[in-house]
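In what comes next, chain A is part of two complexes: it sits with chain B in the first one and with chain C in the second one.
Entry: the complex of A and B
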């Protein structure tokens, strides 16, 4: 099992959800986050007081998938989230030791 | 309206026979007066409500949008609670200390508990409306003035200290200043025999210089907000501020045009000058901002409009429409530099720029009134022979600028000394500043036990 953690542009959340749904992936968890990589922020000025806003709003999408479907899901996700400009975000993949469905105690891939 | 009432009354009078010509004339006279009183009273009650609109939603929204989210309720309360506190104080002693004839510096106690303030007009101030209307109208000015100071101590003033400060400030600074400029026999009263007649139609010295300069003293005395200026302290909702500024603009028509104390041509003139001043100032501010930072901000446009309203306040009712545009435009530019360059240079934390807008704009407006006041707009000042007197420099009376400077200097002096003394007293009795922990937690939770925004509910 692998956990995919994708940090994407907020306006790309809907396209990513739709694309994953079209290949049969329904479950995911999302969080509103702030961050930046190479993307520069912007300057705001309030009555002459300048603020450099470099942590920009992003959405973090987390989902755990079977090893067999990993590559297919990754390419669907990155294609849907891509604009080709700086700021599109990043995807990280982790090994998952165990998964448990709380309702009936299913374990492993059966719990996904 | 008047003609209609006259006709009805005449017909009614004719029906009663027999009647002498004298009796008919007396009846007509009463009818005319009653019609004028109805019109004036309607406008003055409307104006009173408009001025309260400036504090309740207007200032409360304008200021609370500029603070951080954790202080939104505390900041609104700084405006709202004045609607209660000052009202009680005004009924007890305030109206008397301002408008009773007394010394040149403070009124006597003849109207305490509003004794004798009823339906009958007080001809010294307003011959056509009930004195009670005049009383409630003037109360609304006393309410908003200390509210303006809150812009300087926002986000760090202790609520108990703020309450005590407000009461003492009204007693020691506002009531004497208002008496000097507007009270019968006041030292600076232009209409009722003051030693130095200072033109202040609607409160440039009384309201804006006193509050703005006191604000600076508060900012200096309390010190900077924790983390200022390193930590970001962005306005949490400029949407609230835009709505607040628009309500201020609308309410200001009651403030300035109502100061004619009649539904008269003078009220129209003040209304027009007020509107023109605000419009030109919004443009002045964003033009200079656009040139200097590359972007015309919404906060700049609304701040400019308020600066223009401040500056035109003493001048409305004295100046023609085009000088009003000029006064507004200059106020927009001057106040922009006050809140950006001057504040940054001296490093005081006037959190919401009460001094930069009201102190600076009020001072500019008071002086420019001495230049542009003209008897073409306001012919109520006459010499002993009944000849209309020249008013400002444009009428060939440059000496008026000196009178304006004297009024301005007195307002500055009284505000500085009075506010320092009051802050010392408050510091000893209640304390003036919240603890650092309370400040970090925010005024909403630490002072009031509430949160302004609770999205999970």
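Entry: the complex of A and C
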């Protein structure tokens, strides 16, 4: 099992959710986060005052998937989240030791 | 027949039946474990819901073991344990306490709950003498502690209501704890018992059969919920709503409307009972003093923070009193007294009838909706039926449930919460909310915004028509009736039509793609529209549920506002009108920024062209009109140096406070300037002839026949600001914003003649003012000038020189 953690642009959340749904992935955790990588912050002048936006709003999508489906899901996700510009975000993949469904104690991939 | 089936027909009978069965089991356990070992000095009592014979399938069984002394209780610990164990083994969830008669009749903070639970006590078994001892003391104790008990119940109730945002309009309501739930029903009965009277005497504005009906509905629903969940569950979830609807053979909406109707009845009854008791607790003197409260007027009196009608039948005789009521609550922030509510109710039909005819009430309504307590005024008017008598369109969203994962409230409650969110912005000091608070303080007509929110979702729940289309259609009907002027009507329609666009852009477009701000700027057209739509969006999202407007989301919204604002104010120079519909129009419009067309209606354009025609013979043409509390001066003439400074100086010399100004120039050198200003000294209002004198003076000044400096010497002086409110002047030059001009942003403390000083300083340094945007935010003036020198951007040297000169003028 692998855990996918994707930091994406907020306006790409809907396309990503739709794309994952279309290949049968419904379950995920969404968090509103802030951050920046190479995109850095952003500067705006509003009425003569500078507004610095150091940390940009992003969305973190987390999901745990079976090893067999990992590549398919990663390519669906990155395709849906891509604009081709700086700021599109990043995806991290981790190994997962165990998964337990709290309701009935299902273990491993059965719990996904 | 199952319990659920029984509950469908006779909830109260089913509960009593279960109570009887439990009574038998408790008595049996008492006989087995305690009757023989403690023949005297101990008794068992039912308290709480069990005491009231209202035992739901999975309710706790509340018991009170009454012992003559603590020592006796301690001596029979084992028997008590056996007694309780038998009940637990029989599958009952028992919650018990052991007390002496003396303990039952004393009051301290720690055991006030016990005192309340004793109000529902019922003898089950054991020594009747020890029970008699307690019973003899109880009424005197309750009577003696009446005020303390009422205070406690009042505090508990208000805290409980606050946990649910004070409303029963939840999509998945907790039918026990939420306002209008079973706890409120108990409250009415407790308060009645404490006062030594019947609940009927306490039902406030609610009639007894209504309350009985509400009780039956809530009982039935709770019975169903227990039955379905097989535990003490009190939340009417979407699943439960479906299940119950199926069981009853009705639509889910029917179940929910039934619930909301009952909850409303119970809620009003509970508030009424509380109010009656709280009023009694205050002294007669306080009431006398309040009666003469100084906010009372010819229509309303105020006592104990509640509003009374002076003449009982006045509303039917004079339905426009309804508007004055909105205004009164909006200004003073007080609710109606129960007496007033009762009096209003039978007169609503007459009010409704009156307002089916077209009535020009918009000015009064706009005024009322702009007041600080307008959200309360609308809520009170809605709850008492006054608002739907004025606008029957709102009945369509009454308790309307639209299922949505994120939404917490019914559509009507969502609407009222959105309006409240908007008003609460006034007090926001911490970012990001404070940014929106700043926007709200700049809005010219907050009343229009509130009215747009009132109607934004009114078309929801209409299966034949898209929600926004239906909202617009219903709003149109109402706007026609109140005879709202065309310009405001267009703004209202714009806000309703586009109220979801900003969220959609936020969630669906890349904010840093330049086309996002450009497209959105085109869609909103003007800064004023952008500000209004931003605020509507903020309020609308915040009212979905109390946690949805995170600072993360607010920042996203603010960012879109910011990018669009900058887009709208920066593109002034780049896009020019090249061609218009007719040759005459082209002659006038060519060279104006495209924004001119977006910010002016066809009627405006026609009027401006007429002015231009007049100006050809006389050299200048001036138009002055009043809109609400704001005056607007429009002027067309041939461009000349110091023009902008001259007009702003003349207006200042009349004591006018310039709020906004814009200047447009066409290819042929004609200039169109508009100035919006307030008249703080009410000169124009009190002296109608001054309107003409002002126009004539502006004309003379423009044509060089009057000296502005001279005029300004005789201008009315206003009081200087306190030192605390002082704002340091800031000047910012920007060469990037426009292709052909340098942008100068001046932020300074507003004062009479400020605009004249800035504009004449710029003109005196040989620079010409191409476009001006003026904004005033409380005492802060934020002026943006697009300036050129010899047709080009200002050189760095020129900028430095202007900076020095402007700072010198601003620092005085």
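By definition in this document, the second predicted complex is superposed on the first by the 104 of 112 C-alpha atoms of A that agree within 3 Å, B and C clash if a C-alpha of one lies under 4 Å from a C-alpha of the other, contacts with A are read in each partner's own complex, and residues count from 1 in each chain.
Going forward, a contact is a pair of C-beta atoms (placed from the backbone, for glycine too) under 8 Å apart; a residue touches a chain by one contact, two chains touch by 3 or more.
The shown structure was predicted, so the numbers you read here are calculated from the model rather than taken from an experiment.
Quick check for you: in the superposed arrangement, does A:102 touch first (chain B), second (chain C), both or neither?
A:102: touches no partner chain.
Counting residues of chain A touched by each partner, does chain B or chain C come out ahead?
The larger set of chain A residues in touch belongs to C.
Determine, under the contact definition given at the top, whether A:87 touches first (chain B), second (chain C), both, or neither.
second
From the superposed pair, tell me which chain A residues show up as contacts to chain B and also as contacts to chain C.
Touching chain B and chain C on chain A: residues 44-49, 51.
Report the residues of chain B in contact with chain A in the complex, numbered from low to high.
The contact residues of chain B facing chain A are 229, 232-235, 293, 295, 297, 299-300, 303, 339-341, 343-344, 353.
Which residues of chain A touch chain C once you look at their complex with the stated criterion?
Residue list for chain A touching chain C: 9-11, 13-14, 32-34, 42, 44-49, 51, 53, 57, 83, 85, 87.
If you look only at chain A, which of its residues touch chain B in the complex?
Residues of chain A touching chain B: 44-49, 51.
Name, in rising order, each residue of chain C that touches chain A in their complex.
Residue list for chain C touching chain A: 506-513, 550, 552-553, 555-556, 559, 562-563, 565-566, 730-732, 734, 745-747, 775, 782, 784.
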